[in-house]
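Next, two complexes with chain A in common: one pairs it with chain B, the other with chain C.
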Partner chain A sequence: MERVTSRHFGQENSHRLENYLKDKGYEGARKALTSMTPAVIIDELKRSYLRGLGGAGFATGMKWGFIPKDNPKPKYLVVNGDEGEPGTFKDKYILEQDPHALLEGIIITCYTIGSHKAYVYIRGEYLKSITRLQSAIDEAYKNNFLGKEIMGTSFDLDVVIHQGAGAYICGEETALLESLEGKKGFPRLKPPFPAVNGLFNCPTVINNVETLACVAPIILNGSEWFFKLGYMNQGGNRLFCVSGHVNKPGVYELPNGTTLREIIYTHAGGIRNGRTLKAVIPGGISAPILTPDQLDVKMDFDSLKALGSMAGSGGIIVMDDTTDMVWAAMVAARFFAHESCGQCSPCREGSGWVYRNIKRIYHGEGRPGDLKNLPGIINNIGGNTICAFGDAVTMSIGSYVSKFRSEFENKIKSEYAKTNH
Partner chain B sequence: MPKLTIDGKEIEVPAGTTIIQAADKLGITIPRYCYHEALPVSGNCRICMVEVEKMPKLQIACYTPVAEGMVVKTTSPKVIDVRKVVLGYLLVNHPLDCPVCDQAGECKLQDYYMEHGQYDSALNDVKVKKEKKAISLGPTVMLDQERCILCTRCVRFTDNISKTHEFGVFDRGDHSQLDLYPGKELNNNYSGNVVDICPVGALTDKDFRFKCRVWYLDKTKSVCPGCSTGCNITVEWDKSRPHRQKKDRVMRLKPRLNPNVNAYWMCDTGRYNYHFIDQNRIVAPQLKNDLISWPQAIDTVVNAVKAVKDPNRIGVIASAQLTNEDLFAVRKLFKDNLKVSNVDFRVPEQPGKSDDFLLKADRNPNTAGASAILAPNDGTTQAIIEKAKKGELDVLYVFGQDLVKLYGKETVAQIRKSTKMFVYQGSNINDTCSYAHLNLPSAVYAEKDGTFTNFQNRVQRISPAFMPLGEAKGDWEILSLLSEKIGPAFPYRKSQDVFKAVTEAVAPFAEMTYEKIADQGLVLRT
Partner chain C sequence: MDANLRQEIDKIVGLYEEKKAALLPVLHLVQDKKGFISPESEQQIGDILGVPVVHVHEVVSFYHLFHQAPKGKCHFSVCQTTSCALLGGERIIGHIKKRLNIKAGETTPDGKFSLSVVECLGACEIAPMMQLNKEYKGPLTIEDIDRLIDQNK
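Up next, the complex of A and B:
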């Protein structure tokens, strides 16, 4: 299998320009800037079926095409490296191991959308990612891959890193823009979408780190090559982040459409201590949880959606048969309660309510009526909020209660019996 | 212009109008917490969600623009259900301390719960505790963070209208709190407005706290007399409660919508300027040290006036605090009938503070009306004062002006000595009263029917909330009583009759009527 975004991982000094240049480094950017028009690049991207790997799976070429051509305002590229989705750690690897791959993607993207400034918003805790990318940026400036008239063309480009301050919601693209503008990270009302009115009210493309790392290889090797790596309507490979109760947790680059079973049992070494699998989250904590009978699902955006879950950020969290699902639900709910931005009333009040309710059940204070009310409290958040965070609470926490309802019931019954006999 | 249908009713509105605005035009009220017509849309409360045909999810009416052929339902089962749901979330951590909350009775949580909630509680969990309950934010406003539903109306008001930027929402999720930025105090001249726009009891007015339950309040449309802007207001009063505060009638003033004058707002200077209505009033006619009856008082003035042979020996100092009707009666009695030329209202008043929003330095509500009606000669009241001091006046008739404050004690003491009859007609006791030979109690604006003309030359109605206190009478009514004895008697039975005479005699007022002035006023002809 041909590796794309992880092709340099593990190499000595993989993050240095010297190493990057050995393997056709910046040749994709040179090709784009010297021999391709933006329209041709967008067309190439569309045919590659590259989709947004931050989690939404939106067609990248189409997104770039939304940038209005007649708008006299400056255009911006904003790179989403906030990577706050629990269970996800792929962008961190790219930033640390192959930052030039991201920079080359940024150059091509900016050239395509007519932007001369790119902001890379990196999760605040990712100090190593930030220093590695900054060194790469410095190297790139020194070698004329960034700055004025890059690579001898007439194209100018500056790249700036912005360090996040720890809010999960700032990974939501419009909250990220607010944060980048110096405001509190509140998702914006849409429309207008960022392509029309984004950063500083200017047309803006927001792409995930992994997405952009795919761009140069597509330009260099062609859209057909990339499309063929993937599955159905999603070209290329994906960096799957496997964590939890497996023998070999880590980041695995595998073709889209690889089954979840293959990822867990073939690549991640199966379940620890020879135990059996009880549940698995396929795409970060926001993705509805799957049960052992669903392991043959192909891991691409469309297949997982058809199954009622989502490919999301590619964060696979595996839980074996020792896992208390009420506890797991409580941990997830605590995360959402802590990270809800607090803007929309259903999500603000609901996420905390859900957490306190499940926590009470977990601590043996559940009451017989709880399971009658809880689904409603969970379900009514989704669809009623500005951003997708509310939907994530509903979908993800809802899946624990519906798929492992008996565990909740037993917990309530047994504990209730103990204290109220 | 797109045409759309809301609940079966068709309406055509300009492009860019939102669903909630179109519905408002149709008289269909969609519930709202965060939405306010005068503030930028925030879209956070989610109570205004409506069903739009061909859209899979419910849409917030406050942000969704109308479109040609759009079909909106605001009462479908889905919509009713989501209102219930949103209320449920809003009330989860609400303290439900309505019995001790000033907002009770005008609280949108209560109102919408009665309209759309009415569910049994599903809450078996503890509520989130917040740190600040009954915390003073400044001289006028109290904060209760637990009652706050974080609609951010106050944040947007201080960011966009007062531009003073005191409020922020701190922290995240259900531990979010409304608060002031560190080191800030809510102390701008528009602070009181945040209480008006707060849909719940999170921000309450110190001046009104625990004084009166809002359902005991009667409301009378009026105009603020505090400056020449003439903000439209509602006088909110209570006469019926035995335990009311100090027997005061007026409990508070609230701004009343007039897009041409004050929009939804009023300044704190005006808002808290109402205690004079019930306190420190002149309540009966008084001749030197003796309380006398109205007939005695009228005879006293009439005799003094009749004793004067030369009208130049009478002086009248009117006031721009008087209504157009009052001022016309002054003109009619003194200028037209008695041929008095020493009539003026312009006093050397120190201008008050002003700002670039509502508050004007001219603290009189009717300077424009007084100028148009009295059309005084060159010079000011100073000339009249000088004459009085020199003993050139037998009668000096003063309306509401505190001469002691304006000209000093010595001058006024001199006037008392040098005039035969020094009449002070006013509503409140001040230093001048003790120098006047005769004090006549007049009504305050909240007891009057009439009109003020603001700085834009806009004529606006004030209506009597209640009868004048004690034996006080309206200013023009007192002059009318005098006219009966001095002759010819005024033919006026009510303020409207006086106003009709104004429109006939004073050209800029031509063809105006109370009906045409209505709630929003009419601008003088130029």
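Up next, the complex of A and C:
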């Protein structure tokens, strides 16, 4: 299998420019800037079937195409490196081990959308990522890959890192824009979409780190090459993050469409201590949980959607048969209650309500009404909020309750029995 | 606010199209120098960036990486989310609380240690993990915690 975004991982000094240049570094950007028009690049990206790897899976070429050409305002590229979806840690590897791959993707993207300024929003705790990327930016400026008239062309580009400050919601693209403008991270009502009215009210493209790391290889090797690496309507490979009860947690670059079973058992070393699998989250904590009978699902946006879950951010969290699923639901609900930004009432109040309800059931203080009320509370959050966070609460927590309902019932029954006899 | 800090702030402000957009990086800088964001700092930053102090305060209180009081010399930020929790994160958190006799969000009376219980830090491959001041540490054992506390007493 050909590695793309992880091709430099593990190499000594992989983050340094001299190392990056040894492997056709910045040749994709040179090719784009000297021999391709923006329209040709967008067409190439569309045919590559590269999709947004932050979790939404939106077609990247199409997104770039939404930037209005007749708008006289400055355009911006904002890079989403606010990796916060529980179970996800891949962008950190790119930022720490191959920051020039991101910068090269930024150059090509900015050239394509006519932007001369890119902001890279990195989550506040990723201090090593920030240091590494800043060194790479400094190296790039010194060697004329950034700044004025880059690589001898007439194209100027500045890149600025913006450090986040510890709020999951800022990974939502419009909350991220608010945060970048110096405000608290409250998602914006759409429309207008960022492509028309984004950062500082200007046309803006927001792309995830891993997505942008795919761009230079596509330009260099062609869209057909990238498309063929993937599966159906999703070109390329994916950095799958595996954690939880597996023998070998870590980041694995594999073709889209690889089965969940293969990722867990062949690559991540199977379940620890010889135990069996009970449940698995396939795409970050927001993705509905799957059961052992669903392990043959192909891991790509469309296949997981068809199964009622989602590929999301590529974060796979594995739970073995020792896991109490009421407890697991409580941990997830606590996360959502903690990270709800508080803007919309259904989410602000609902996420806390769901958490307290499940916590009560877990601690043996549950009442029969609790389980009866739970689906109603859960289902009244999603669809009633400005951003997709509310939908995530509904889909994620709802899946624990529906798939492991008997565990919730048993907790209530056994406690009820104890106190009434 | 001394002249050097003021100069560094102006440099950050120069990176942005709008002054106000520099608020988060300026808060990070001031907190790095002073340890926390005091009401006086909020006022000064508001004046420099041309935003009301209430806006600065709103931002400081929204983001959990900004502190309104000093943290301990050793600040434990321990993850409680799913991947860490599955591998014993709760035991790690419980042990720190017991050893230091503090709750989440508190600092020991001698100012040496403080504890935050946080959501996913994006390092599930080293679960259970935490951030100790600027560094990520994991996978953690009870012995690691004892050693870190003993070393920094």
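Structure notes:
As a convention for this text, the second predicted complex is superposed on the first by the 421 of 421 C-alpha atoms of A that agree within 3 Å, B and C clash if a C-alpha of one lies under 4 Å from a C-alpha of the other, contacts with A are read in each partner's own complex, and residues count from 1 in each chain.
Assume a residue touches a chain if its C-beta (ideal position, glycine included) is under 8 Å from a C-beta of that chain, and two chains touch if they have at least 3 such contacts.
Given the structure is predicted, the values throughout are model-derived calculations rather than measurements.
After overlaying the two complexes on the shared chain, residue contacts for A:I285 are found with chain C alone; chain B is out of touch.
When the shared chain is aligned, chain C comes close enough to touch A:Y126, but chain B does not.
Look at A:A167: by the touch rule set out above, it reaches both chain B and chain C.
Contacts of A:R360 after superposition on the shared chain: chain B is touched, whereas chain C is not.
When the two structures are aligned on the shared chain, A:K184 is found in touch with chain B and with chain C.
Contact with both chain B and chain C is seen for A:E339 once the two complexes are overlaid on the shared chain. Applying the stated contact rule after C-alpha superposition, one finds that A:F200 touches chain C and leaves chain B untouched.
Which of chain B and chain C touches more residues of chain A is settled by the count: it is C.
By the touch criterion stated above, A:A268 is placed in contact with neither chain B nor chain C. When the shared chain is aligned, chain B comes close enough to touch A:N384, but chain C does not. Shared contact residues on chain A (touching chain B in one structure, chain C in the other): 167, 184, 338-339. By the touch rule above, chain B contacts chain A in their complex via residues 33, 41, 43-47, 49, 57-58, 63, 82, 85-86, 88-90, 92-93, 122-126, 128, 149-150, 169, 171-176. Contact residues of chain A toward chain B in the complex are 167, 169, 184, 189, 337-346, 348-353, 356-357, 360, 367, 369-370, 373, 376-377, 380-381, 383-386. Across the complex, chain A meets chain C through its residues 74, 83-89, 91-92, 117, 123-128, 160, 162-168, 179-185, 200, 241-245, 249-251, 281, 285, 315, 317, 319, 323, 328, 331-332, 334-335, 338-339.
Across the complex, chain C meets chain A through its residues 15-18, 20-25, 27-28, 49, 51, 55, 58-59, 62-66, 77, 80-83, 85-87, 118-127, 131, 134, 136.
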